[in-house]
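Following this line, the structures themselves.
Shared chain: chain A. Partners: chain B in the first complex, chain C in the second.
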Partner chain A sequence: MNIRELPTREVTINACKLCNPLGASLVFRGIEGAVPLLHGSQGCATYIRRYLISHFKEPIDIASSNFSESSTIFGGGPKLKQALKNVIDQYQPTFIGIATTCLSETIGDDLQLILDEFNREYRAPGKPLLVTVSTPSYQGSHIDGFHDTVRAVIEQVATGGPKKNMVSIFPGMVSAADLRLLKEVLTDFGLDFLVLPDYSETMDGGMWDTYQKIAPGGASVDKIRAAGRSKAVIQLGRTVRKQQNAAEYLKERFGVESYQLGLPVGIRETDRLMQTLAVITGNDIPQKYQEERGRLIDAYVDAHKYLFGKKAAIYGEPDLVLGIAIFLAEVGVVPVICATGARTGKLGDELRCLLPELEGEITVAEGIDFDDIRTLVERVQPDLLIGNSKGYPLSRQSGIPLIRVGFPIHDRIGGQRILHLGYRGTQHLFDQIVNELIRARQDRSPIGWSYM
Partner chain B sequence: MSENLAQDFAVTREKLLKVYPTKAARKRAKHMVLNDPDPETMPEIEANVRTIPGIITQRGCTYAGCKGVVVGPIRDIVNITHGPIGCGFYSWLTRRNQTKPIDDNDYNLMNYCFSTDMQEDDIVFGGEKKLRQAVREAYEIFKPKAIGIFSTCPVGLIGDDVHAVAREMKEELGINVFGFSCEGYKGVSQSAGHHIANNQMFKHVIGLDDTVRDSKYKINLLGEYNIGGDAFEIERILEKCGIDLIATFSGNSSYDYFANAHTADLNCIMCHRSINYVADMMEIKYGIPWIKVNFIGAEATAKSLRKIAQYFGDPELKERVEKVIAEEMPEVEKHRADARTRCEGKTVMLFVGGSRAHHYQDLFAELGMRTIAAGYEFAHRDDYEGRRVLPTIKIDADSRNIEELTVEPDPERYRYRKTEAEVAELKAQGFEFRDYEGMMAQMAKGTLVIDDISHYEMEKLIAYHKPDIFCAGIKEKYVIQKMGVPCKQLHSYDYSGPYAGFKGAINFYRDIDRLVNSKIWGYIQAPWEKNPELIATYVK
Partner chain C sequence: MKVLEGRKKQVFRKGETPFEIDCEKQSLAGSVSQRACVFCGSRVVLYPIADAVHLVHGPAGCAAYTWDIRGALSSGPELHRLSFTTDLREQEVIHGGESKLYQGLIQLIDRYHPKAAFVYGTCIVGVIGDDVEAVCKKVSALKGIPVIPVHSEGFKGTKKDGYKAACTALMRLIGRGRTDGISKYSVNILGDYNLAGEIWIIKDYYRRMGVEVVAGITGDGRVEEIERAHGAALNLVQCSGSMNYLAQLMKEKYGIPSLQVSYFGFEDMAEALYGVARHFNDAEMMKRTQELVRDEIQAIYPKLLEYRKALAGKKAAIYVGGAFKAFSLVKALRLLGMDVAVVGSQTGSKQDYQLLKELCDEGTIIVDDSNPLELSHFIREKNVSLFIGGVKERPIAYKLGIGFCDHNHERKVALAGFVGMLNFAEEVYQSVMSPVWQFIPRPKQSVPMGGVQDEYSRTANP
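Entry: the complex of A and B
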């Protein structure tokens, strides 16, 4: 495993990460009746809304405390309190998730103090639950904001009590289709569950008969409260650090049995999730999934000869990169470049541990930008790029096909519906990858075979 | 406009305001007026004031206006965002402004997003050192003609002096380096950022190259950002007319065009809101008059071309312009007449930008579609009510925050392009210099005008009035469509365009026709929802 040194440049050229409060906003929108509120300049809310919207192709309302120049000097407390009042009056939310920004963090606004004041002053009935999280964009990336927010919600809302026949699962930043798949799996295991966040409907819903103040769907606050009484909890994502792992918190605080698994991409990691659920419930793995697994293996057999020895460069959210790398290794594709703009410090170790047979063949890079990814790609000449839309210029320039996964997808439709997880998601990725490689070969062929 | 609609809008206005707490309602009321186009009785609208916290706005920030809108489209400048990673990332190729390098050796840096990606240590100990190094590295890698540095929120707070760094680096590298104090919180919207960008480009770039091109009718086009290739179409038309375009601010532009812009003889303003500052400053310093033009709409394009020809007063140019219009219009007419049969009488709402909500009304009018409600995202009162109200606009703390440059005539290069007699003659013909009559003068009586419409107000407005089409941006698009109303994005054109000029008008007719007459809207209600009894009969 070649762990690449972080770029020595001071200038970041075409970043491979987004900022902290984006992750927070998405998590909050995965909670029923919630409105996210960013404490800072209105530009943050606008930029993050437009970015999430261009991926999900769904509306998202994010409020802001709209700092002015004087707020930067005297503090943003009054503006935040005003924002809360106005959001409550317009939307009657049951939950407001407040995330900080670099602006409010730099001036050192004390959110708890401001909210204590607000709680004393605001006496009207129907006050929503207020949850806060610290997400300055000069720390970490959107993925850190995402995990920190899940943990903050759990810390501030979950309560203990006698255990229930319920499993909580924190899936990380996956697609709306992935969330639907996880819920289907949990249902098929006969479980009552909490998936947090759950933006499968709020960020991928149908048409509206009547005007909706807040898009319907999301994890219910009651369920989040009950998380401390789960019989087990699963954090997906091997690179999630202990202090941002909400499952770890539930274990320490309420003694919930806790698991940290990889994103279920590929046979091995999906098997692990299925087996874990079987152990937790004492039930067999439902026939439906055994059949899906069978079809996937059958497809592996049918197509492995087109894949063997091919090289892929993967970039994006660290756990998605890891999941796809493990899956590719199963089918004989070498994930020669595993890159992320985030800095988890764990991606290299996990790869080394999970794919020891590829020692020396993988270059792992954390904290990288697309200019450095380009340098690596030019050196290694992979057959495929796998990642979000931001890799398109590189694909266009190098002529290497791009398989779009993860976030953001804003040059195609349906980014929110890309299924990555489970046997079914793997099947979808697998078919796409094989076909893309066949297409590239077909296009290069002087004859243009249309029969294999 | 029917009396009924005016009455309905009066009721709607009250309903929209009712949800707000008293203080917020009082403030929002001033941003919503029933229009009267008569300048004598036109109502005053409040604009360019802070959005109330918690009211979800369409507006962006000062940085977005400066880096994202005005300076971003210049293809050969390295634009470094000094700040944490978000701001740079979100403004990276998201505006669809296109550019066409002149040859393979020309720069195209628009695909790049440069940032200092400030970390906690930089916030605590200051980011100037990192910025200096970033500027050096960007120069080493790309050898650009110039480098711009854009400040984000925390930069102003921790006191990094981007201008001092720019001066040092200019000295060290021997290329032009300039900074922008465009911290997001500075103004009420992106509008403040436009002003800051105008000031810095005026101070640091315009006037650096005195080469005068050997051509007859030299103009600049200000406030045209080449979304979806609009500027390409305008360039085509101008060239056909024999008009020499020195610089476009800033669609399909190069640093060099800015440096040479002061050699033009006329400034033509498209987007009044974002660029009028630099037009005023160039008139004072170099003696270049400015006029308002509009190339959105075939009729508006013809009118603008005639206005330019009238300014130069040369019969040869006038003749050529007429010839071009006569050549272009038949094709336009053909498409317009066809689309009009399916679009006529439909209703439009436009809530977007600082000039687009006005300009696109011309195109819709060509299709026989009626604009019943409109408003800007970040415009000022003069964009609504016309420049005649400029003297009465209150200067508040936020406007005072943005530097007003003191400009004097250039001792050597000032030359007013028209003699007093020529100006007087043009004025006698009804020619307007330095004027913009604003959006409300063009809208019918009783239509609804809302400034800085909130997300909530927009949703209610659609639910109550169901327009046939609603024009906004991507943040609004999907909620509008969820309510069964077609949405046209007028920031990015939904990956379509160009819509400017003659060919653009044809594209627009076709796109709007498809949108408002698409079959998909008919499928929203399932048959069993439309007529449950009938289905039951069939099943039996």
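Entry: the complex of A and C
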């Protein structure tokens, strides 16, 4: 495994990451009746909304405490309290998720203090649950904001008690389609469950006949409360650090049996999830999934010659990169570049441990931007790029086809419906990848066969 | 629906209440404003300058959200489509980011050889106290190009203040170049950002009239052209929000008069050309202009009438950045036979709203700095079939099953010029007349008896 030295540039060129409050907002949008509120200037909230909307194509309201110049001098407390009142007034939420921004962190606003004051002053009935999370972007990136927020919600809402026949699962930053798939799997295992966050409906719902102040759907607060009584909890994502891992918290605080698994992409990682669920429930893996798995292996066999020895560059959220790398390796494609704008410090170790056979063939880069990815790509000339739509300029320039996965997908419809997880998601990715390679070969061929 | 108490004065209904609208206020804390920040205002104005480096000094987010998001085209270099940021980390937040900024600027200038560099201050820079001005001065002296700080800390006002900061920055470029050889019939185009190549359309009209365009500010912008802008005889100002201030500064400093124009819709487009011909008071030019306008309109009018036939009588809502654009849209929609039931802007002034009020029909709702809840309520109340807005408004319209036309900075279709009016009509037509709306669940009372359901049963059982 070659761990790439970080660039010596002082400037980030075309960042391969977003900022922490974006991750926080997404998590809050996956909770029933919740409104995200960013404590800082107006711009951050508006930009983040715009960015999320361009991917999900859904209305996304994110409130802001709207700092003025005097807030930066005397503190943003009064603005935050006013914002809370106004959000409650207009939206009647059952939950407000408050995330900080670079600005409120830098001036050192103490959220707890402000909220204590608010709680003393605001006496009207129907006060929503208030949850806070610290998300300074100079300390991480959107994926940190995401995990930190899941953990903050669990820490501040979950309670203990006698165990229930329920499983909690923290899927990480996956698509709306992925969330639906996970819920289907849990249902098929006959389980009561919490998936947190669950923006499968709130960020990918049907039409409305009247405008909904808060999109319907999301993980219910009751379920989140009950998380401490789960009989088991699963954190998906191998690069999630211990301090960010909400499953780990439930284990330490309430003694819930806890697992940390990879994103279920590919046969091996999906098998691990299925087996874990079988162990937890004592049930067999439902027939349906055995069949899906069978079909997937059948497809692997049908197409194996088109894939063997091909090279792919993967970039994006660290756990998606890892999941796809593991999947590609099992069909004979070498994930020659595994890159992320995040800094987990774990991506290289995980790859080394899970794909020892590829030692020396993978370049791992954390904290990287698209300018560096381009340098790497020029050097190794992969056959495929796999990642979000922000790699399109690179794909266009280099002529290397791009398979769109993850977030954001700003240049196509349906980014929220891309299925990556489970045997079914893998099947979908697999077909796309094989066909893209076949297409490239067909286009290059002077004969232009119309059969494989 | 409740309009937030503090916002009541930012909504006006023509014919129902005496005219009084509060605008140019900071957005209320906790309302989900469609506005962005000071930085956003500066960034959109300066962004199209394609041979300059635009470095966002701050944490990575502010820059990441503005990477290649606008359709501002360049006929040459494309430096503006790259996103540069100092990506401040905790260390710099504590100890200051000046040395990172200095090093970063040097590295970028050495690598890209830009004609100028703009450094945008974001919120955090405003509180950690970096002396951006001093760093810029030092780099400028070392590298021999203008390095210009843009004071765009997000919290220091509204998007409009960002426009001002951008204008101030532009004034530091203007006046540096030589002005010999510039025609006495010459203009600068202010406030067109060459979205989808619009400034090329406009420049072509002026060329055909015999008018020299000295600088596009900032559409398809080049540093050297902007540096000569003070040699032009007239400033044409589109989009009252962003560039009035620059026109004012240029008038004070260089005595250049200015003309307010809009390039949207037949009426305003033609007036933008006639106004220039009148200003130069040249009979030949006026004749050429009349011919041009006639030719252009003749070429597309018949097609436009077809669209009008389908669209006449349908209702529309408008919510855009600048109020001036709203005026043109009201007129353009009228040309298509449509009624404007709701109209608003993010940054209009009292005067703008007064004008809007005069332009609109009785019952029209006029709003300043609105939010999704209000907007959705108004479009439902008025039962419009078209919403014109930006990317943040689109999902509101779509969720409620209403046609939409993007009139903001991400559009890929040219809407300016005569041909732009046709493109606009086509886009409106394609959205409003699409068959998909038949599947939208409508609230009970507004579905006429014998609606969609019946249609189906008829086809199923002939």
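By definition in this document, the second predicted complex is superposed on the first by the 452 of 452 C-alpha atoms of A that agree within 3 Å, B and C clash if a C-alpha of one lies under 4 Å from a C-alpha of the other, contacts with A are read in each partner's own complex, and residues count from 1 in each chain.
We adopt the following convention: contacts are C-beta pairs under 8 Å (C-beta built on N, C-alpha and C of every residue); 3 or more make two chains touch, one makes a residue touch a chain.
All values derive from a computational prediction rather than experimental measurement.
Novice: After the chain A overlay, clash or fit between chain B and chain C?
Specialist: On the superposed model, which is not a single observed complex, chain B and chain C clash.
Novice: Between chain B (first) and chain C (second), which does A:90 come into contact with in this model arrangement: first, second, both, or neither?
Specialist: both
Novice: Pick one for A:179: touches chain B only (first), chain C only (second), both, or neither.
Specialist: neither
Novice: Contact-wise, after the overlay, does A:280 reach chain B, chain C, both or neither (first, second, both, neither)?
Specialist: Neither: A:280 stays clear of chain B and chain C.
Novice: What is the contact status of A:364 with respect to chain B (first) and chain C (second): first, second, both, or neither?
Specialist: neither
Novice: In the superposed view, which residues of chain A touch chain B and also chain C?
Specialist: 9-15, 17-22, 37, 40-51, 53-54, 57-59, 61-69, 71-72, 79-80, 82-87, 89-91, 101-103, 106-107, 136-139, 141, 207-208, 210-213, 393.
Novice: Which residues of chain A touch chain B once you look at their complex with the stated criterion?
Specialist: Residue list for chain A touching chain B: 9-15, 17-22, 37, 40-51, 53-54, 57-59, 61-72, 79-80, 82-87, 89-91, 101-103, 106-107, 136-139, 141, 205, 207-208, 210-213, 393.
Novice: Contact residues on chain C for chain A in the complex?
Specialist: Residues 2, 4, 6, 26-40, 55, 58-68, 81-90, 92-93, 100-101, 103-104, 107-108, 123-124, 126-128, 154-157, 372-373, 376-377, 380, 391-392, 394-396, 398-401, 439-443.
Novice: Quick one: in the complex, what on chain A touches chain C?
Specialist: On the chain A side, the touching residues are 9-15, 17-22, 37, 40-51, 53-54, 57-69, 71-72, 79-80, 82-87, 89-91, 101-103, 106-107, 136-139, 141, 207-213, 390, 393.
Novice: In their shared complex, at which residues does chain B touch chain A?
Specialist: Touch list, chain B to chain A: 19-21, 24, 50-64, 80, 83-92, 94, 111-120, 122-123, 130-131, 133-135, 137-138, 141, 152-154, 156-158, 184-186, 189, 397-398, 401, 454-456, 459-460, 462-463, 473-479, 482-484, 524.
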